[in-house]
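In order of appearance the chains are A, B, C, D, E, F, G, H, I, J, K and L, and numbering begins at 1 in each one.
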Amino acid sequence: MTEHTYKHIELTGSSAESSDQAIKNAIAKASETLNNIHWFQVIDTRGYIENGGVKYWQMTIKVGFRLEE
Amino acid sequence: MTEHTYKHIELTGSSAESSDQAIKNAIAKASETLNNIHWFQVIDTRGYIENGGVKYWQMTIKVGFRLEE
Amino acid sequence: MTEHTYKHIELTGSSAESSDQAIKNAIAKASETLNNIHWFQVIDTRGYIENGGVKYWQMTIKVGFRLEE
Amino acid sequence: MTEHTYKHIELTGSSAESSDQAIKNAIAKASETLNNIHWFQVIDTRGYIENGGVKYWQMTIKVGFRLEE
Amino acid sequence: MTEHTYKHIELTGSSAESSDQAIKNAIAKASETLNNIHWFQVIDTRGYIENGGVKYWQMTIKVGFRLEE
Amino acid sequence: MTEHTYKHIELTGSSAESSDQAIKNAIAKASETLNNIHWFQVIDTRGYIENGGVKYWQMTIKVGFRLEE
Amino acid sequence: MTEHTYKHIELTGSSAESSDQAIKNAIAKASETLNNIHWFQVIDTRGYIENGGVKYWQMTIKVGFRLEE
Amino acid sequence: MTEHTYKHIELTGSSAESSDQAIKNAIAKASETLNNIHWFQVIDTRGYIENGGVKYWQMTIKVGFRLEE
Amino acid sequence: MTEHTYKHIELTGSSAESSDQAIKNAIAKASETLNNIHWFQVIDTRGYIENGGVKYWQMTIKVGFRLEE
Amino acid sequence: MTEHTYKHIELTGSSAESSDQAIKNAIAKASETLNNIHWFQVIDTRGYIENGGVKYWQMTIKVGFRLEE
Amino acid sequence: MTEHTYKHIELTGSSAESSDQAIKNAIAKASETLNNIHWFQVIDTRGYIENGGVKYWQMTIKVGFRLEE
Amino acid sequence: MTEHTYKHIELTGSSAESSDQAIKNAIAKASETLNNIHWFQVIDTRGYIENGGVKYWQMTIKVGFRLEE
């Protein structure tokens, strides 16, 4: 049966390296406790600045996962 | 005491039949594990297309429920 | 002369049956006192939940009507 | 190879019957000339009113299809 | 290590007293079960009216907390 | 019969005292001529400044009331 | 006493001549029945096209007026 | 049969003269290749500045036209 | 001559006391260096949380002031 | 070297004559103190009404200029 | 003559490598059939997740190109 | 004393290399004249296209810095 229900949660991942890596970090963290994660959408792109450079990229994403039947 | 706190979660329900039914499916699924669900709000109306027809209606909703005191 | 002026009002219709019917109910109610209603636009789709089902569909619409000259 | 590119177009379908049917009509019309249509998203829900009832439902959707490789 | 992940949840707090107090009530309630709450953002300001006065202020907020490492 | 229709109007209330009081003033004024007012939602928070202080808080709200059957 | 309450209504004015004139037409029409109109804000700029030209400019505006004390 | 389908495209017209003229230019250009154009909606109003004056008005519009049956 | 030009700047004020006070603090700070400040509009309402309470209210506002002629 | 940085400021220009002229007035005023202004975008279109007519058009724009290297 | 007209289309590019590469892929694909492409704007940043990692970055962009005169 | 006031400015940085680098360039430029820069938020992601490739990434950001006490 394919009439699935999906839940979305909102996370902020951070990385000193890049905006893409901050997204990957949040997804890796969510995958520790959630199965069936299927997609993400970026909600907000922010960062923390120190000494004229980006110290942390902070990416807020929605993550969607299928609820167990 | 009536100074309640409510929590909102975001779900996507799907249905081969209609947009209204996709909403009902998501609410029925959420009701399996949550009490005190009071309202929903539609956030996004999408669907999956196959052979020139709507194969699945996909309704993303916010659902609000009262936290236990 | 065709340089008409239109006014828009915002209504919420409710129905136990379907989202489309909640829209029709609001329009029928508005038509009791307003002439020249021409169009509607859906602003918000919500509903009231009881026992894991949709008890009322609540559709908020803008309704446009031509002012008398 | 799965690094596809998709194009989105915006359509308004109309129906005297229901909001869901107006969406189906727009998709059926688009399918006459486009292959590989995969999804739709509702952008706007409007309608034309006559004699206190909904004469036409007008659903504006985005339709996404995969470009040929 | 400072590449933290944060989760956001959405709550509605209510208060008979003031809009600020409704926010405080929601945060106090969330703090009963969540550690590491760091910030909130107001999403919606609403209220329930009775006899020409505000009977309840209803403040919908996003609350962000750091996930345990 | 509970398939009510509600109308929303948009008001700006002002107060020299506080943002909450500006909302209360608008609701009190609307209650002079309307029955069945049930809820409000804040649309815009502005104010007029004089001598480095807030001279008037100006709160724009939507007010919803049930139409007579 | 200066703690006034203002009401906003939404109108669409039309003109064969220009976008500015369509706004002026809506304001002139509203002034036939309302006193104390103070400001407008443009909400939507649309038009009707015939033979490759703009036949009517259709400007949707919010108009604010002070309620009588 | 009146259950038409409409397609919308997005254009930016430019003019050295005025904002209205930039809209007219985009519509005239679109009419060279499209029949059945019925309406436009302004999406963005921008311009290019040179020597403290507006050198080009740049109006981005959506244009709607009826698909052939 | 009354064809004034106004400039808007965006500020975040903070206060341990209340949301209204955070707005007042930002305006007082801006008034140290700017004359002719006329209005503000709230853009974002946030706060910093410690021990289940609001430690700082953080109000982001736009402030408008008249440029000298 | 062409990796320029641009700054945007927000202005409201006013004119008794037309919406386009209010934009031109704001740009002319900004050009008195800023070099390298390249573009504008309209953010808000408002006006002040007196005696059923538009007394002032008030156009809020963002203006972009290149920072000196 | 410089009163050009531009058309915008909406595309989703995908890449297993990075968000920037997904944008480049969509532009390269569009350039196979369109001349005079001048700019893009990101509309949505999404991705497909498998085994706790980003399997595809999916970037939705608007692409603008000058219509032939 | 910790009731700080922050100011936000809007910048567009450009880079031939990547979207992240365009952000870094804007922050580096702002840091030449501003102290106490703490955060940024991405407002718009655009780029200039030449020969089917991205010639410049153009990232518009808000930058927040603490005002001197």
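Brief remarks follow.
Throughout what follows, contacts are C-beta pairs under 8 Å (C-beta built on N, C-alpha and C of every residue); 3 or more make two chains touch, one makes a residue touch a chain.
Everything numeric in this text was worked out from a predicted model, so none of it was measured.
Note on connectivity: the fewest steps through touching chains from subunit D to subunit G is 2.
By the document's definition of touch, common neighbours of subunit C and subunit D comprise B.
When the contact pairs of E-F are matched by residue number against A-E, C-D or D-H, more than half turn up again in C-D.
Of all residue numbers seen at the subunit D-subunit H contact, under half occur in both copies; the interface is built from largely non-matching residues.
Distances between chain centres, each the mean of the C-alpha atoms, put E farthest from subunit H. Look at where the CA atoms of subunit F average out and do the same for subunit H: the two points lie 38 Å apart. Between subunit A and subunit I the centroid-to-centroid distance comes to 32 Å (mean Cα coordinates, whole Å). Chain centres here are Cα averages; for subunit F and subunit K they lie 44 Å apart.
Each of residues 9, 19 in subunit A touches at least two other chains. Pairs of chains that satisfy the touch definition comprise A-B, A-E, A-K, A-L, B-C, B-D, B-E, C-D, C-F, C-G, D-H, D-K, E-F, E-I, F-G, F-I, G-H, G-J, H-J, H-K, I-J, I-L, J-L, K-L.
For subunit L in complex with subunit J, the touching residues are 9-16, 25-26, 29-30, 56, 60. Put simply, subunit H touches subunit D in their complex at residues 2-9, 62, 64, 67. By the touch rule above, subunit E contacts subunit F in their complex via residues 18-19, 44-49, 51-54, 57.
The touching residues of subunit H, when paired with subunit G in their complex, are 19-20, 23-24, 27-28, 31, 37-42, 63.
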